[in-house]
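Right, one structure below, let's go through it.
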Amino acid sequence: MSEDDQERELRRAAEALLLVTEEPLQPELLAQLLEVSTERIELLCTELAAEYDATDRGFQLVKVAGGWRYQTHPELAPYVERYVLEGQSARLSGAALETLAIVAYKQPISRAQIAAIRGVNADGVMRTLSQRGYVEEISRDPGPGQAVLYGTTQSFLEKLGLNSLDELPALGDFVPGAEVYEALERGLRPDDDE
Amino acid sequence: MMSHAVETPVFQGPFDLLLHLILQDEVDLYEVRLSDIVDAYLAELERMEAMDLDLATEFVLIAATLIELKSKRLLPDDDDIDLDEELALWEERDLLLSRLVECKTFKDAAAAMGGIARDAGRSYPRTAGVEERFLGLLADLLEHTTADDVRSAFLRAVAPKPTPQVSTAHIHQIRVTVTDAVVEMLDELPRVGRASFADLTDGLVERIEVIVRFLAVLELFKQGWIDIEQPHTLGGLEVVWLGTAEVDEVDLELVDAYDG
Amino acid sequence: MSEDDQERELRRAAEALLLVTEEPLQPELLAQLLEVSTERIELLCTELAAEYDATDRGFQLVKVAGGWRYQTHPELAPYVERYVLEGQSARLSGAALETLAIVAYKQPISRAQIAAIRGVNADGVMRTLSQRGYVEEISRDPGPGQAVLYGTTQSFLEKLGLNSLDELPALGDFVPGAEVYEALERGLRPDDDE
């Protein structure tokens, strides 16, 4: 198989992007990122998928919800299941619980706001919480930027044995520090340069 | 002598500054005006928003060592210099030298680590995790968590992070320059003719002010305007005004270029 | 290349597990899940890494912080950075890097010892580094006072893309040369013998 340099670069860049994406990567977006046509992307991904198949890889490139993503080969599900059961910790980490608590008390809230309050990036933790079904997107910030705003789920309330958010224990005479207010405000400004 | 402008990035402490002064500018500490170093230190301290006491102490310590080293150069050759003092001074110098070498070593190691991190930053790991069809296998992580735990976690998360702050009030008192001290003494000495060093430093609170005043005395001595007498061994110093000329003629430009 | 069924299954299962892991996958865990020896896992992963390299993939299999993980090939960073806007790990400041270097080479080390080397208080920087997960308490000084002693973390190794601390350049490489030493020495000489 001979492959000219441009074709090679395109294939490798597509593999790299597909590796890092957490959601199925839409062909239109991929086309835009690689500066080629959507048709070419579709052809490229189809070829790549066939190549992985032919070389008997443990992963596949599949089209899900209109986008392309890597996933494990179904034949290997038993191993993945073993890994999931083996690798999990039975409790939320301190960081995860704090993040969940911030969402619970301050919803609707954006990821930038959470990060500003916690002082660290909250993306990984938020993804875990969302995978576990404890938080979800509930709206969009109406301002420019339209940040996704998160809230807790019905399942979160059920697990804690609460009927509604009103039943969360009152924070009492707690007064948050100025930095918390600032973080909440800053997060809603369009030019959040963090 | 070239004017030594201290236009520098934000220094991360006295060693950093000293390293910069000696290495980056390739100056001999004895060529550079001591007041520049002292003033640069003070300016640096002022620039730091959150002053901390350790840093201030470190500064005074290093400044004192530098001043001592420098003062040796200003004194005329004297065979009677106390050998113990001489040795102690060398010891301090060696200590300062080894700390500067150590500081420089880690500075360069840090730069290399920065390069490694930059290279590593060009590769992005996969973090997508397991596919949703496996999520059902995950245990309920909230099984042992109560609503009160959530409340405590929230309070923990929003608790103001402690930022250690030390009052800087005491630092501002030490904003003195050698030139200022020279000018003050040029005003006082012709009138009194003779004064003890103790009198000249009467009312000064900070050790650094006394050190600066002492340097000014050495400076005037070097220029021949005063004589220094020590009537008794280990006794107090007496400063005697020798000048006959009008004070205006004392050229402050010559004050070993101690113009800040 | 012929590969017997067992070998093939092993390779595919490893690929599947490496695809789903969010942290570098420790060879011991992989060995346990696949029921083979750790040595065999190491060999397998080394071979896989070489295969991806030989077939010019856009991703690599690398050993970082003691475990194996997929990551994008550094040559494709320009494409990936177009897509991964957030998540880009923040640069470390000069002060943070210097402090981190001291901890990395001198661990276990107390805050007072760090401050002594840097000539400035290290509390603020250490708090930031600890929040970002690059350093942590690893022990206590057995002497009086029982100062907390710090060391670097797995995240630190991941940040630098290193498999272990042994891969850091030797500290001796950075000891200033005779030239610098002489300049410093000259700068601090009390005698005027020049």
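The first chain written gets the first letter, and so on, giving A, B and C; residue counts start at 1 in each chain.
As a working rule, contacts are C-beta pairs under 8 Å (C-beta built on N, C-alpha and C of every residue); 3 or more make two chains touch, one makes a residue touch a chain.
Because the structure is predicted, anything quoted here is derived from the model rather than measured.
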| item | value |
| --- | --- |
| Most distant chain from chain B by Cα centroid | A |
| Innermost chain by mean C-alpha position | C |
| Whole-Å separation of chain centres (CA-atom averages), chain A against chain B | 48 |
| Inter-centroid spacing, chain C versus chain B (mean Cα positions, whole Å) | 34 |
| Averaged-CA centre spacing for the pair chain C and chain A, given as whole angstrom | 25 |
| Of all residues in chain B, the ones touching two or more other chains | 124-131, 134, 161 |
| For chain A, residues that touch 2 or more chains besides their own | 16, 19-21, 70-72, 80, 83, 119, 124 |
| Complex interface listing, chain A residues touching chain B | 16, 19-22, 69-72, 77, 80-81, 83-85, 88-92, 94, 96-102, 104-105, 117-119, 124, 127, 131-132, 134, 156, 159-162, 167-169, 171, 174, 176-177, 179-180 |
| Residues on chain A engaged by chain C in the complex (per definition of touch) | 8, 11-17, 19-21, 29, 33-34, 56-59, 70-73, 75-76, 79-80, 82-83, 86-87, 119-121, 123-124 |
| Residues on chain B engaged by chain C in the complex (per definition of touch) | 12-16, 19, 21-23, 26-30, 50, 52, 54-55, 58, 62, 69, 72-73, 89-90, 93, 96-97, 99-114, 116-117, 119-131, 134, 161, 163-164 |
| In the complex with chain A, residue positions of chain B that touch it | 124-132, 134-135, 137-151, 153-161 |
